[in-house]
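There are structures below to look over.
Both complexes below contain chain A, partnered by chain B and then by chain C.
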Partner chain A sequence: MTSQPRKIFAISELCTACRSCEIACAVAHSRSASLIGAILEVPLPRYRIEVQAGSTLNLPLNCRHCDEPECLFACKAGAVSKDEATGQVRVDLEKCVGCWMCVMICPYGAVIPDALIGKAAKCDLCENRAEGPACVTSCLTGALFYGTEEEFEEYRNTRPLLKQLKAHR
Partner chain B sequence: MHHVIIGNSAAGIGAAEAIRQIDKEAPLTIISDESESAYSRALISYELAGWIGKGNLDLRPREFYQEKNIAAHLGKRAIKIDAGKKQVHLNDGSRVDYDRLLIATGGSPQQMGVPGEDKKGIFGFRNYRDLLNIYDAIITAEHGVVLGGGCIGLQAASGLHHHGVKTSIAIASAHLLSQVADAECGDIYQRLFESNGIAIKTSMKPVEFRGVGQVGSIGFDDGSEMPAQIVISGKGVKPNTELAEGTKIKVDRGIIVDDRMCTAEPDVFAAGDVAVTQDCVTCESTVNAVWPCAYEQGRTAGFNMAGRDRVYDGSMRMNAAEFFRVPLISIGVVKPQGDGYEVHSYLDKSRMVYWKMVFKGKLLVGAVLVGRVERAGVLANLMRKHIDVSSIKGELLAGRYNYALIKPLAEGAE
Partner chain C sequence: MSQHPISSDPATVKAHQHAREQNLTTVWERHEAVKPICAFGDLGLCCTICYMGPCRIDPFSAEEIRGACGAGRDTISARNFTRAVAAGTAAHSDHARGICHTLIETGQGKAQGYRVMDLDKLKRVADEHGLKTADVSFADLAVRLGQRLLENFGQSEGSVSFLKRAPKGQQERWERAGVLPRAIDREVVECLHRTHEGVDAEYRSLILQAVRCALADGWGGSMIATELQDVIFGSPRPIRSRVNLGILKKDQVNVVVHGHEPVLSEMLGVAAREPQMLEYARSKGAEGINLSGICCTANEILMRQGFPVAGNFLQQELAISTGAIEMMVVDVQCVMPGLQQMASHFHTKLITTSDKARIPGIEHVPFNEHEALDCARSILKNAADNFVRRNQASVDIPEEVMDLVAGFTAENTFHHLGGTFRSTYRPLNDAIMSGRLRGVVGVVGCNNVRVQHDYNHKTLVEELLRNDVLVVETGCAAIACAKEGWMRPEAAREIAGKGLQEICEVVGIPPVLHMGSCVDNSRILIACTEMVREGGIGEDLSQLPVAAAAVEAMSEKAVAIGLYAVASGITTFFSPAPRVLGSPAVYEYLTQGIEKDFGAHWVFEADPHEVARGIIAHLDQKRTALKLEPMKYQQPLARTA
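And then the complex of A and B:
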């Protein structure tokens, strides 16, 4: 890998579980690319980021594009690949047969079995979207960030809201 | 350092990719008795059922060997390992020298041990050759019988049905998927298959294949007979351990390996459906012949072959499948025997939703999910890492499991 891969990072403390990212993700993965259009589509477009609520935290979670992608190892259809240049883990929907091996193996539960099309849905980093990942651009509190790990650390350390939150506690 | 891999499926490819991740230059040879470029055996059932186009079984692009600088000896069978000379003998008389060798020869369908099983029209369902033979037989077959009610058997039955063959499944056990899941799960799929026009006969064993040259019917131990011009044996596979003969490699059902996938013979590794590993949930030594384990074992072997120390953290009994659009995931201990287990389940027959969780003490040790399989990997993660789930049991049982729930526990376990 030549440079650090760019990924989507989440700051749990800033997530209010408004689920704007889920909607933006679904719209970004719809054919019409508009909210109204997306709602009317058959099959409904599937969002690939989920705001999960734990007992102590809100976590907007999508594919981690792992360095050791277990979904790739487990895929018996050869549908999952890792881009060595960008680090992105991709699913080739032409090849996916919906065997759900990836759903069974992903330790994050970040591969979504899209029952409507019978194939695995997961974050593709909105690679064809000029503005970058829709979840990130839609987040109202800056809880999501797209960049390298280093860039994320810097971003995280400079969030005024995060400082306020810490002071508040 | 010349790496030689015998086997061209999940474990073999897993090893090759691991070796190339570390070492782009070292000579690497793959030997396979099948002549096809790496394809997925597991996809033959999907092709038969019409889910994917014919010949679309590639596990890796055809350029894989060239791109990864791998010498591929395809269509040649390794017949002997000379560990003293560090050579593999092939069936064409040639010999391949190795410094590190991986046996990833997989398994073969078990013989049924039934008179007449060599008749025409009776097939295993394991490789591409089987698939092509089945295509030929389908053309004239009116009735088909699948013997075996595991994932392979059910997929084979769906495939025959798809091609208009009047299809039945006959099994020795009392319910479908007896090795994969439990009776409740089996019942769901039995009703599903029956409602789709596939007959299921349980608790009966074949005693004879009848017909002159070509199979025409099957006689069963209860005296009944079923017409069948095509028979697919969905019985389990047995490890292909023949290459261990004449070496120090220990075999007990499969090839015995250490936690780095190394056999008793130095520099000889084994991985995949041929290898005996420790199950990380039950701690028993077993052959967990499933795709994800095979790849991971191959990958572990590959790293160790290439000189990067890597310990295998154990296999897991796991299965994922989908039949007639109803998905199934089954992980770990799902039919607990003995004391100390706590079992919870939920069944909604009309919506074909079923789940079951098996606990032992503070640990989740098994799960069956039918109909809704989202986030199953989170459960597998809990089992693999032996995470104490006592504080989140309520959420697990309510189906409210996700990574956010287990994150504090999972990070604590690392």
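And then the complex of A and C:
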């Protein structure tokens, strides 16, 4: 059996839209890698996960690392690639020309036009971070999870309060 | 120094391990459980003031984000900062108000067991306030001084009375900036009013009000508390004692006082030495009564009566987890509600005594000054009764214990320097001018679970001592360094630079001077003022080669102290930083712009080695400006980590 790719999953019922994930993402993608340093950087680091807060639903949105990534097909510069082994969709910033085609075509709105550097910014699963994705480790309510789909199902089923929360909403 | 993640104090590490083995939860585990710390709050960018919000300003947004009311990041963080200062000032000053009442009731003969111990100081402070001291009984004078100082809280005219003690130059600066505090309560109220939704939105105007409030703490509430505590309980004199968890005794009734106000603990001190109380403890199978303290109550009974110190802020729960404490008596400030959960696993009785502070699930024994001594006796009896319930087999007291000398004040320290017959600051100023001492630095403040316990205090102080800096300390910082042994006179030989060593040996003082509790930071203001008055090292506090540091700051009181130190002309190194880092404008003002207004600034630096380097550079810069002689014994600059 081929191993399932590991992705970041969200449980919308547990999301309080506190936006801790956004901050942690920006810090993780800053040069100084510290909160205090990051807020003083020029240009400011961009977060690549955005919390959509609605009246009935909160949802942190980031790159889904799609099986058939629209952004990959749309990129005229050939900057987007999909890693067949890990399932990860990457943007090569060297090649990115900032045409924003990926931004427009992404059905999740998960590619962010980083106007300050003129390149597309998106979730890189914090590849080089030992503790795993910063958004996941920063989430206070356990609404974010990093793992395979199977692992996520198991995780989801063991969350306390989830049933009550669902009924409540 | 130990690299254990939670503490650099071996007794704390051991006690914590022991607590974990028993599956007990402490501040460290709770802190892990609430992580990650909210970044908006940490940066001061979360506004919870009105009920349209909470509004949070995204620090990574390229556009300018504002709260619902239109308040931007500068307004929001300045308001948060101002409220912290107001709370800190309120804490110190409410404590002082209580002491004023105690003095009045002592004079009226209504406070059982108390008497005015320092008649000289009573007369001196009364004179200073223009009260007639001739042909007046001390009892009447006590009443009138108490009443006069109480006026500082609510007077509708004039300004806080001890401000006149400050050097002229600084008073003029305050007047120019329009920050002379009028009345203590008024400044706290005005901070709350201005930070209410839709009032003051200009960050500088808010911070100047915070300054006015902080001055009402340092030269108001805190100073009143210190002075009147000296009057009632006696001014401290150098006194030997012991510190750390190892002072708890396996064969005695251990009673620990914790909190801040010395009013009850002083009486517990009296009762604990009464023969009939000791007899009662023996009748319960104990060898005696061992009274000790934690946090600033510890510092108070240490300074005046020489009772030992069980530990500082982060050791409060661990003291109970030794299983050896019969009774912990708490009042106000820095008392963790978590004590209740810890005490519930042991025979330890925890009681709250202040009307202002209760803890769910804890017995409240209201303390009544009119029957203070009876109240103290009954608490000790209760503790002795509890001794028989102790499970001696499970008692685990870390053996660490250290000697110390405490009890230094602005008045008596330099008795030492000048000798009994010519009490003067001249020798101190001379030592600085001749380059034996680089300067004097106050290392004060709390413990903070975000920082390895005691590590910053000890790392910083060690480097200062090696570089011929005389260190004065209060609060939990003082307890940290006492545990390390730096409050023994012999420590000078072991650790101090050559110049500091010479001074300590000639005068017979330890290289780190314990000046008391956190309200006693006012003693440091007075000591600095005396240095100016003595002459030769600057016309104003801002010119002196001095600095302050709070490198494990935790409470709002610490923020108020930091601000009054800066506003008094003493540059202050502070970490973790107060919640202003999210506003570039507020940050810039506090770390630079404020220098123009008050002659000093804040430095927010987390690495204690960097703090040491910064302080040494700061002292050297002041020395150069004063054209003082070069340091007599050149020390290598602060070592790197």
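Keep this in mind: the second predicted complex is superposed on the first by the 159 of 169 C-alpha atoms of A that agree within 3 Å, B and C clash if a C-alpha of one lies under 4 Å from a C-alpha of the other, contacts with A are read in each partner's own complex, and residues count from 1 in each chain.
The rule is simple: a contact is a pair of C-beta atoms (placed from the backbone, for glycine too) under 8 Å apart; a residue touches a chain by one contact, two chains touch by 3 or more.
Here the structure is a predicted model, which means the values were calculated and not measured.
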| item | value |
| --- | --- |
| Combined model on chain A where chain B meets chain C, clash or fit | fit |
| Partner chain(s) touched by A:59 [first = chain B, second = chain C, both, neither] | first |
| Partner chain in contact with A:140 - chain B first, chain C second, else both or neither | second |
| Which superposed partner A:17 touches (first chain B, second chain C, both, neither) | neither |
| Touched partner set for A:33, first chain B, second chain C, both or neither | neither |
| Contacts of A:103 with chain B and chain C, given as first, second, both or neither | first |
| First, second, both or neither for A:113, with chain B first and chain C second | first |
| Once both complexes are placed on the shared chain, angle at chain A toward chain B and chain C, C-alpha, multiple of 10 degrees | 140 |
| Chain B versus chain C as contact partner of A:85, first or second or both or neither | neither |
| Minimum Cα separation, chain C to chain B, after superposition on A (Å) | 12 |
| Shared chain A surface residues [contacts with chain B and with chain C] | 115 |
| Residues of chain B touching chain A in the complex | 10, 14, 40, 42-43, 46, 51-52, 56, 58-60, 291-292, 295-296, 299, 318-322, 325, 327, 329, 331, 373-378, 380-381, 384, 392, 395, 401-408, 410 |
| Contacting residues of chain A [partner chain C, same complex] | 18-20, 22-24, 26-27, 35-36, 38-40, 43-47, 115-116, 137-138, 140 |
| Contacting residues of chain C [partner chain A, same complex] | 36, 38-40, 42-43, 56, 58-62, 577, 581-582, 584 |
| Parts of chain A lying in touch with chain B, wherever the complex brings them together | 50, 52-59, 61, 70, 73-74, 76-78, 95, 97-113, 115, 118 |
